[in-house]
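Next come the structures, one after another.
In the two complexes that follow, chain A is the common piece, with chain B as its partner first and chain C second.
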Partner chain A sequence: MAVELKKPPVAGGVTPLATKKPGADQAHTDSGATFVPDQSRAERTRSFDLDAFPVPNGREEDWRFTPVKELADLFQPAPTEGEKYRQDVNAPAGVKTSKVPADDERLGQVGTPGDRAAAVAWNAKDQATIVKIPSGTELGEAVRVVLTASDEARINRHVLIEAGHHSKAIVALTHEGSARLTGNVEISAGDGADLTVVTIQEWDDEAVQLDQHDILVGRDARVRHIAITLGGKVVRLSTNVRYAGPGGSVECLGVYFTDAGQHQEHRLFVDHEPVHCTSNVEYRGALQGDGAHSVWVGDVLIRAAAHATDTYELNRNLVLTDGARADSVPNLEIETGEIVGAGHASATGRFDDEQLFYLQARGIPEHEARRLVVHGFFAGIINRIGLPGTQAHLMARIEKELADSIDSAFEPAAAATR
Partner chain B sequence: MSTIEELNPGLKGLGRYEYGWADSDVAGSAAKRGLSDEVVLDISRRKDEPQWMTDLRLKSLRLFDKKPMPTWGSDLSGIDFQNIKYFVKSTEKQATTWDELPEDIKATYDKLGIPEAEKQRLIAGVAAQYESEVVYHQIRKDLEEKGVIFVDTDTGLREYPELFKEYFATVIPAGDNKFASLNTAVWSGGSFIYVPPGVHVDIPLQAYFRINTENMGQFERTLIIADEGSYVHYVEGCTAPIYKSDSLHSAVVEIVVKKNARVRYTTIQNWSNNVYNLVTKRATCAEGATMEWIDGNIGSKVTMKYPAVFLLGEHAKGETLSIAFAGEGQHQDAGSKMVHAAPYTSSSIVSKSVARGGGRTSYRGLVQINEGAHHSKSNVRCDALLVDDISRSDTYPYVDVREDDVQMGHEATVSRVSDDQLFYLMSRGMTEEEAMAMIVRGFVEPIARELPMEYALELNRLIELQMEGAVG
Partner chain C sequence: MATLEIRNLHVSVETEQGTKEILRGVDLTVRSGETHAIMGPNGSGKSTLAYSIAGHPKYTVTEGTVTLDGEDVLAMSVDERARAGVFLAMQYPVEVPGVTVSNFLRTAKTAIDGQAPKLRTWVKDVKNAMTELKIDPAFAERNVNEGFSGGEKKRFEILQMELLKPSVAILDETDSGLDVDALRIVSEGVNRVIASGDVGCLLITHYTRILRYIKPQFVHVFVNGRVVEEGGPELADELEENGYDRFLAAAGAAAETGAVEQVDQVTVEPANA
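Right after this comes the complex of A and B.
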């Protein structure tokens, strides 16, 4: 079952990502084990071919945390229900936006689907949106790509964001309403570009999103990718970063607030190959309610050639109530010793009693103190988005989520049954 | 890019492996290769085992056939299960004194230095394992008087059938994983230890293990039961000679730590660089109990070993200190698992690894805090030291928290030996190699100081051996 890439990855000395070895599914053997597990994150299958990815059963490393049973329909291609959703692009002057047919040859240059859902989206899409920021352009305001859907619309979405060399821009993708979405977002930052991409998931309760973001960072470019996940029943966002040349720097930031019955999964893969690149990953999440499940997987690969790499990953989870589950997996694979530094940290826990005590000692009531602590926990990321209006809106939204839980916890009746 | 040899001209010299001699292979040459019902029945029959054990072995063989190879971890495709000797008996009866041992076995142990260790009275008893079955065994009288049982596992089954049956395969069931199934089907040798309530065994119990037959698997099985309020420290060490084709070592270690008891289990494995070392080790801790794993991985071609502690009672505590060295052609995939299943439990994992000469070290671990295990605390710390630019170091820490009132922290750093450190030591008159070895010794010191003295010395010697040719 050897799979070929239909399109070559972008040139520039970047190693093509591996395709699957034959015999990978011969896991059972009692004489002479022939199966070899992936020895590096880079060996995981990437392909435009749907058949390269068997339908997940939940035992795969890649899908082990995801409720695959609820997603069976999204593992089979189905046409986009165009009448049930709209995607509007509001861009300041100077930005070129276009809708292109699915077979446009600019697509698939930055990213290659890395799982069944992304391959479904690639093969079933009927069109794609391209946002192009011309070289040298500095935008005064953000480009907004607003997706609004209703009635669990089936959507196969493809967006390509291209920032020309030495351009500077913020692009915000927002998601609202109710959909069953599979998608690919390709993000290309040219040499010396300064690009921020914000993806905000404010879905209704029943929405499902299986999305893959691929980022290619040009020489000396700076990219910030910020994921804010608040709504939805199942949201799974895989973000892959590669560098096209030396000197690139990437910041991947994220915030999630996982409520009862929600599954929010963020997977990152930063693939360092050129020299002198940096990456910094920081995701913060809060969980509350029965069956709230957050998953954070951060993979960093430093290849043998990636000298002078500097990387750090951090995931913090605040578990606000019993019955929630937080999985946190920061993986590091390092093939050279010639690096500046590499590390990761993960912390999961409840409120810091000392912080609460300090605030209460200043006369602040307990529920107010709790609210302040959570506010501070998230503000550290949200305030770095760079869009004041969006920041205020998101903080208000988080405050509201929090108020629901804290107020109910502090009502005497609720406290008695707790 | 330069080859490994060009970068490390001293590597060739490292090929000589200190313990890599082989005695004339008398017992092994006749043993049968391969795995079948017949082989399993033959092992059971020769040991004259009760029916339940024979049945369990056969059931485990079925489970082994059914279980898939792990879908993660190292490359195990070099193992040919049909080309391994599953049982080799080297002496017909068990010797009770040193003089009764056959000459070439005695010679092997002389090289390992066992009689010296005995003379120093540092060890409480030696159950030396030579080719699958214990051939030499001695326990100090005072331990026997206290009611401590320290025998090889086959004797344990024969002489303490009820105690044995109550605990065997309860911590690690036969179907736990493919290699635990294999071990349960063909196990032979290992240690069986029972420490009665309140008894403190104040000197470490020690056993040497050795593979000495080409292509011979060693499937020892160790079962330790520490009754309420007792304490025991068990030390396991491995060295094996170098052979042409690949060897498989797949042990199972089960430990039951009862209320307020404490068990410390120390391993330094230094298998020769052709051994697949695939070991399942697990302990259960009752209320107030403490389990400590001290795990050193220096030898072997591939090691996959993740000592686990299941914290089942309130205030139980689990601790793992782990060090790994990987040289050329080696993959040390080691780590630890901590499962918090009761309130007020705590765990700590400290892992240190050094990869050189193109070797690979991986930390792979799991901390799971179940619902209801409130006020649990866990702390994981992984440090890796890189000494060249061709070696590989990975960290795969899994964390699964299902309770709000907990503290869980994980931290990993990967650093390289800095030029500043080397310069400082070399300006004090050290060669670069000595300086490098000293930095590495300093890096693993927090774990080395927890080892019994002979082991700490051996570890330091091994580090120097490993670091030979690491600079250049």
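Right after this comes the complex of A and C.
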């Protein structure tokens, strides 16, 4: 099946979406979801109260893809094991970083926990880190928040990133080592700010991360949120976007490389209410090996007031071997017809035979052609991060994952395609 | 000096209606230094011939042989064919997102030559070839064919041909979709490669207009999956004048004759068995 989805129509499920006028049915899903408990995505529970969220059993809409049995400990509050991890903030001059107590009143203004794990993190955290980029400041280099953990450290993490109005910055969160982490990251971009937040998951094999990112986009602000998930046993990242005023634009980009036994789940919810806002979501994943499981859920809600909204969501999965599973669920709810555009596309497939033929017809051996195609597939996102050193590091890491498997694992996939 | 020999080539393709035979016994010999035009109406199987020689997996060779200097081309993988010297300039070049033109060209050149090209001369060669084809140098950092116009894609195909220096080049409707200026630029590029004398060129086209710029020594009229008439450049002139009607009518008659031959064979078979 064709994987390339640059230009619809290609086999694989581009769904051109007719916009709906007010008064039409409230919810649109074409996800094949069997159970939708709420009338609208907006009605889903959000609360700081742990008891508002029963312990998930795996039958809930928002947990049905997740291996909840492996996560029981993270659904109960437990103290952070401070001695097993460190989180360093390396910030250029001008940035104000601080560690604050858990009850600091600045916390919880941007985001409210949306599931049991986030509520656990909120209630069990012993401190929080605030990164503040003053108004009007343009940073020449990135702020790096480096989390390194060992020995499956239990961590309840809370980070608040505050970009003042008309500031410009890149903040990179990196995660390495071994942890069992629940967390909340609040991201606030002031009016006219230009903020990029990159979250890079390079965990060891046994790590578990259940994380929630909430983004509040100021008037005319531009936010880019980029998730790169390469490691971990279970990584579940829920990213929620709201707009504080008109004219905001958001790009949510993601890359995941899901290996045997890994579960990597990215859930996005973009809530359009102010007018003239845009959102663009693009996640690309590759899967290889037995039991590799990726989940992408992209919810977009265009509320009745959100005139002149322009939104698009795209998820592409490249399945490199047998035994891997990619779930991809785009949902679009539209409550007004007065919009510029709304669409989504999802494609999951093997290598594009035509691309391989083209490269091979120029003498490039098959395994190298495959490597080039996968490289290109990811480079399209990675190269948009804006940090050349990080980009090179991530591409090298992906190259290595490919090289480890390319000759052994890719050939059966090729045979199956023919 | 290279020789591509196609003998009694039969090729079929799987369609929703079942297996369909497209090439029905093609015979053709192309030597380096020669330029052959294959002309035929839509649906005659011209492109199938091109893609079959290059080894596209969609096409199944059911009978016949293709050899390059005696080597069995059909036994080779797609990339082996290219490294043996076969080049196909495609009618619809494929976009390869995330792979830059410069990376792609260098990777292909390294694969074809078996070693990486010398950096300094290579950069110069690429630059010169791009200039001659009026390709903006900025294209080197763009992704292969991504967002290229039709004319840009065709020029990029010819750029590859100039740089990879094949012994047999098949140009599949390289003229289609080009305006007069682009056609001239592309033709000049092809003529530079032909002038080197090292390449045998198989020019597949529906129209005669590219033959104003590229002069073939041999013209083959291709109808209904086989070559029905061969001649020199004068054959192209006749096609320009009269179109394919005469050949199509003849092919219709030939198809009937073919049916009779089929019956003859059936009667012979029991004797063999």
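To be clear about the criterion, the second predicted complex is superposed on the first by the 371 of 418 C-alpha atoms of A that agree within 3 Å, B and C clash if a C-alpha of one lies under 4 Å from a C-alpha of the other, contacts with A are read in each partner's own complex, and residues count from 1 in each chain.
Please note the rule applied: a residue touches a chain if its C-beta (ideal position, glycine included) is under 8 Å from a C-beta of that chain, and two chains touch if they have at least 3 such contacts.
Owing to the predicted nature of the structure, the values given are computational and were not obtained by experimental measurement.
Participant: Chain B or chain C: which reaches more residues on chain A?
Facilitator: B
Participant: Return first, second, both or neither, reflecting whether A:F378 touches chain B, chain C, both chains, or no partner chain.
Facilitator: Second partner only, chain C.
Participant: Now for A:D194: first (chain B), second (chain C), both, or neither, which partner does it touch?
Facilitator: After superposing on A, A:D194 lies clear of both chain B and chain C.
Participant: Which partner chains sit in contact with A:A342 here, chain B, chain C, both or neither? Use first/second/both/neither.
Facilitator: first
Participant: Who does A:Q360 touch here: chain B (first), chain C (second), both, or neither?
Facilitator: Only chain C; A:Q360 stays clear of chain B.
Participant: For A:A369, using the defined touch cut-off, is the partner it touches chain B, chain C, both, or neither? Pick first, second, both or neither.
Facilitator: second
Participant: By the touch definition at the top of the document, which applies to A:E206: first (chain B), second (chain C), both, or neither?
Facilitator: The answer is neither, since A:E206 touches no partner chain.
Participant: A:Q39 in the overlay: touching chain B, chain C, both, or neither? Say first, second, both or neither.
Facilitator: After superposition on chain A, A:Q39 lies in contact with chain B alone.
Participant: Could you give the residue numbers on chain A that contact chain B in one complex and chain C in the other?
Facilitator: In chain A, no position sits in both the chain B and chain C interfaces.
Participant: Taking the touch rule as given, give the residues of chain B at its contact with chain A in the complex, in rising order.
Facilitator: Checking each residue of chain B against chain A gives 1, 35, 64-77, 79-82, 371, 384, 386-417.
Participant: Considering the complex alone, what residue numbers of chain A touch chain C?
Facilitator: 4, 6, 353-355, 357-366, 368-369, 372-373, 375-380, 383, 418
Participant: Across the complex, what residues on chain C touch chain A?
Facilitator: Residue list for chain C touching chain A: 54-57, 77-79, 81-83, 87-88, 90, 93-99, 103-104, 107-108, 111-112, 143-144, 146, 160, 164.
Participant: Please give the residue numbers of chain A that touch chain B in the complex, ascending.
Facilitator: 27-39, 59-61, 304, 307, 317, 319-339, 341-350
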